[in-house]
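For clarity, chains are labelled A, B, C and D in written order, and residue numbers in each chain start from 1.
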Amino acid sequence: MKLLEHESKEIFKREGIPCPKGFLAFSPLEVKKYVKKLNKPVVIKSQLPIASRMKAGGIKFAETAEEAEKVASELFKLKINKFKVSKVLVEEKVDIKKELYLSITIDRYERKYVYLASTQGGIDIENLAKMHPEKICKVHVDPQIEVKPFDLIYITNKLGLTGTEARQFREIAGLFYDLTVKYDCELVESNPLAINGKGNLIAVDARMIIDDNSLFRHPKLKKKLFEEELTSFELKAMESGFSFVELDGEIGVIANGAGLTMASMDSISLFGGKPANFLDIGGGATSERVKTAVNLQLKHPKVKGVLINIMGGITRCDEVARGLVEAVKETGIKKPITVRMMGTREEEGKEILRKNGISYLETMDEAAEEIVKLVKGIKIGNPCK
Amino acid sequence: MAILVNEESKVVVQGITGREGSFHTKLMLEYGTKIVAGVTPGKGGIKINGIPVYDTILEAKEEHQEINTSIIFVPARFASDAVFEAIKADLNPIVLITERIPVRDSMKFIGYAREKGIRIIGPNCPGVITPPKTKIGVLPAHVFKKGSIGMVSRSGTLTYEIAAAITNAGLGQSTCVGIGGDPIIGMDFVEVVKMFEEDEETDAIVVIGEIGGNLEEKLAEYIKETGQKKPIVAYIAGRTAPPGKRMGHAGAIISMGMGTAESKIKSLNEAGIPVAELPSQVAEIVKSKLEKLKK
Amino acid sequence: MKLLEHESKEIFKREGIPCPKGFLAFSPLEVKKYVKKLNKPVVIKSQLPIASRMKAGGIKFAETAEEAEKVASELFKLKINKFKVSKVLVEEKVDIKKELYLSITIDRYERKYVYLASTQGGIDIENLAKMHPEKICKVHVDPQIEVKPFDLIYITNKLGLTGTEARQFREIAGLFYDLTVKYDCELVESNPLAINGKGNLIAVDARMIIDDNSLFRHPKLKKKLFEEELTSFELKAMESGFSFVELDGEIGVIANGAGLTMASMDSISLFGGKPANFLDIGGGATSERVKTAVNLQLKHPKVKGVLINIMGGITRCDEVARGLVEAVKETGIKKPITVRMMGTREEEGKEILRKNGISYLETMDEAAEEIVKLVKGIKIGNPCK
Amino acid sequence: MAILVNEESKVVVQGITGREGSFHTKLMLEYGTKIVAGVTPGKGGIKINGIPVYDTILEAKEEHQEINTSIIFVPARFASDAVFEAIKADLNPIVLITERIPVRDSMKFIGYAREKGIRIIGPNCPGVITPPKTKIGVLPAHVFKKGSIGMVSRSGTLTYEIAAAITNAGLGQSTCVGIGGDPIIGMDFVEVVKMFEEDEETDAIVVIGEIGGNLEEKLAEYIKETGQKKPIVAYIAGRTAPPGKRMGHAGAIISMGMGTAESKIKSLNEAGIPVAELPSQVAEIVKSKLEKLKK
């Protein structure tokens, strides 16, 4: 779960990491009032769950309250990567002497947390990582040992920081780790972590991503859906706990397991079709959940046909068959469906399909090829490609 | 001998009284898996499918000293304790079926287990099968058949798909290992492939990967260094998947361009490992590799 | 560092472990007043840093305020193992249905904490451990894993506890571990941990030993000396940080390192002498510290002669020689001293001794034998044995 | 080869700028120990006895990749961090001289190191010497001489005493290991004796114990089971010492009567291990054992 900048900064401040003075505004008028009171140059930052807002024009500067109101109203009209701007963070502009970079994330292969730090922070950090990987200091943190002073001394030495700057950097880096543990973070990042004119470190930007699987431990962090950005279908799938993503094509994909779902999409593409979306029902879905999934696909306007590809393991084919039959009966919608099911309770499942007049194919390739044909056949006009 | 599990595996099922635990205990018993005890705190004393249930592994081991392997179906928020209980009882391997375990927990118990030399398969995995001897997992038995193909996969259902095709092609599996789909897992491709390389019953290896992470690239690196001791064939799911959510700049810095289907396919090809376009093609490619080997 | 019962119970209560209602009293009068107010049968327990007070008569019962005053005045006259009773804990008498035993301590060989638990607690626990070791449940706790629910369930199952009793026992056992970690305990013990008439668990006795080496982490726990019980020499040695113990003989022993000090004592005994005390100056003692040690021995009335046995490692022989010379000069006391020194700066040390007319021997055996002879020689009357 | 340390040991001194650290660095260098770097946080850049000092081990290793061994003189309250730093840098063995380390800290880093297969000698120990090759510790060099007696001891100064006698008797040491006097230590008698049994340069073994704990009894147990592969001679300090402070009832329950000099001497004798009455007798007994062996 991604936190927005202002949410991350709230946590940063609570834990003792210095951030610029700021105010969350929901309208240009609010921006104006705040800047008037503040009476200092500001930066106005759209609050969106994406990186690189700066490059996308989501961050503006203003010297006066009037100018702030003007640029804010531009921001409120902005849409970046299908996200509309609905709130902005107005902050006192920091007198940046130097832009550092600091983050903690998870190194999957090492199975450890890892610090990434650089003295060349800012918008080009990813390029720097590619061109000059040696300018990024990496230090792994074993969760059995946790962070020790020597880890942090090593980082500041590598970065060439000394004196107060080094001390403040180590303190912030230590707090980053505390945050990571306390909030089960997959990422804690500040870019830039700036050194200001007085030589003090301040987190000009702040990003946190919380491990979704840990949310039961963090009841105060309520699950964010960025609702305004989701289609009603995406919302419904999310509420049902499905993994569902909208795509550009015309074939709805239902499968169980991420790997099989992706393989099903890959197959459809290989046979010349295009997935309209993918919906992973996960492991051990009940007939009720399967019904919901099929319902969603049948009712989706972009979906011209549905591929159902089930390999039974934890998931039982009979449950899938029952859910499918019920959904078809209930909705009464007649879109082509190709089914392929195999594994746990396969025979029972196929029996249910037979009894209800739903045909099935024996292999994934056959099912994928068939649905592509069926969808192209009923398409009005030239299906092309 | 196959790898990891065989007829010597004497299994305790942790979370045996739950829906999945009891259902799959039945299926595993039907397959011939030597399940000797189950554990669910607070349920000690009852029997499930004829298997005695204990409150703790230690009590189970006092009655059944032969227990050496665990399979865990315990819900995510209690899974970490269950794994530590299995580690403390020196069970090895530990097959961790549970999904949605917080990654910090996984890092902790996997780190600890690895230091102790205990193998964790999973979390979020379908388990391991060595047909026809034993199945310690939730894999559908009938798609597997004794044979000489070692299979290792990050995916669950996709594995069954490809296993079925291999079986239908008249081949079969020495062992099939589902290492799990989580970001942090106990065993990686390199480790399992090394075991297959050492295993006399394995003639060829099938690797089923997917986008994300760099386990496939690391395997390619290892094979580039050491050479293919046995033919390896791969499949990578997610060629047409949209790019996943990224971990800010840090994600990009850490992954260094790895993680995409292109990166994985390119690395594997460079290591001389063919990557099938469709799951159904894997079996054919393996077959032709084996035939070449015979010549 | 041993805590007294009332100190341990203060901590127990703070951490949520149920203990009987009680009052610390310094005189029989205070006892009487408290019991009058309480108006219930009480137990009056002398507060001494030893186990098995019950067997030694340090615990008394009373039904009325007058009886309480009477038994308390007996207790205040008591001396057990050279400890005088200066305060008593007056507690409401618990209606004990069953006496359990619970402790956490350190298993040196396993390098782990270990729970010890039994349903047959009380004064005979050590006998039980000898005669029926199977009646004591042992569970090790790896400091990397810490205590988990399954450890505690295993214990209560082994003890045959069920229902509320099992739940309360697990809760208390969990708190014992928390205490162990929080206070760096070498021991947390309750014997008996009683089940009262209402079926609730209550810590009737409480003992804690804190790791002396951890005291820098626990500034609130001030080092206890049980001063009233120490001789002025013991006090002085303790203040100087020496390891010093008074014994029954006539030869003072100064050595560096516990092993060598013990071996020196063993040697004296083997040659027919008896140590008056032993004083381990530890590693790396300065001449100043050596001077203090020698001073202490020379001034000690029971000491008829001193064996100084130094193997230089961290300790430097020249520092020892200098300290010895100064002490002899300063005190002017002429008691026989045999010196043996070897190792780091041996030659420099011997040179200093030579210059100051102090002779030395080459081996420990020679030095031990010589001091025994010298002390026996100057003894008035029959030295016997 | 001797054991644990030899001419291949390339040493970093942690806490090199302190009083003991700098003094013993000098002595070790004089002995010929290959000290390549020192570490003291905040003192990086200076030199001590010609040895470059770094803020962290990682930086030292970047400049001196050959470092494989650590000796630690860091004060007790920082010692735990120092040990973890050495573990994280994969140094092995780690010789931990520091005394008065809280036992909870020792349990943690020793437990972690043991899982990783890293040997910690100490804490509160004099170190290890393999004469005349290397000395990693504070032992006074001149009492040791190259020879075939493996020595292992819980005591510091008493070890020097007995080593001197062995040297004076015309024998010498293959390696002498001071395992440390704390309740929780990294290596025990059984582990070190096993290493001496495997070591070609060791003909006989001297074990120096003292009252408390049960390391001596455990050694006796091991020897009873496996037999004496090489002659072992012991000395136990504390026959006449007053009983130490006891850990309440728990102490008695755990120790089960072990820990006294009588218990230790009895167990060792039962295992066929002679226990000298005086430190000075050890050398004679070893000598006679070796002579018997020759016949």
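Following the convention adopted for this analysis, a residue touches a chain if its C-beta (ideal position, glycine included) is under 8 Å from a C-beta of that chain, and two chains touch if they have at least 3 such contacts.
Being a predicted model, the structure only gives us computed values, none of them experimental.
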Chains touching both subunit A and subunit D, listed by label: B
Which of B-D and A-B has more C-beta pairs touching across its chains: A-B
Separation of subunit A from subunit C, taking each centre as the mean of its C-alpha atoms, in whole Å: 60
Distance between the centres, which are taken as Cα means, of subunit D and subunit B, whole angstrom: 43
Averaged-CA centre spacing for the pair subunit B and subunit A, given as whole angstrom: 27
Chain centre separation (subunit B, subunit C; CA means) in Å: 54
Set of subunit D residues in contact with two or more other chains: 112, 115
For subunit A, residues that touch 2 or more chains besides their own: 142, 144
Chain contact graph, described as a line, ring, star, complete graph or other shape: other
Subunit B residues touching subunit C - in the complex, by the definition given at the top: 41, 44, 55-59, 81, 84-85, 87-88, 112
Subunit B residues touching subunit D - in the complex, by the definition given at the top: 112, 115-116
Touch list for subunit D against partner subunit C, complex: 20, 24, 27, 76-77, 99-104, 107-108, 110-112, 114-115, 126, 138-140, 142-143, 153-161, 164, 181, 183-184, 188, 208, 210-211, 213-215, 218, 235, 237-242, 245-254, 256-257, 277-280
Subunit D partner contacts - residues on subunit C that touch it in the complex: 2, 51, 101, 103-109, 111-114, 116, 125-126, 129-130, 133, 136, 142-144, 181, 184, 186-187, 189, 191, 207, 209, 211, 213-214, 216-217, 245, 247, 255-260, 262-263, 265-267, 269-270, 275, 278, 283-284, 310-315, 342-344, 346, 363-365
List of subunit C residues in touch with subunit B within their complex: 142, 144-145, 148-150, 153-154, 157
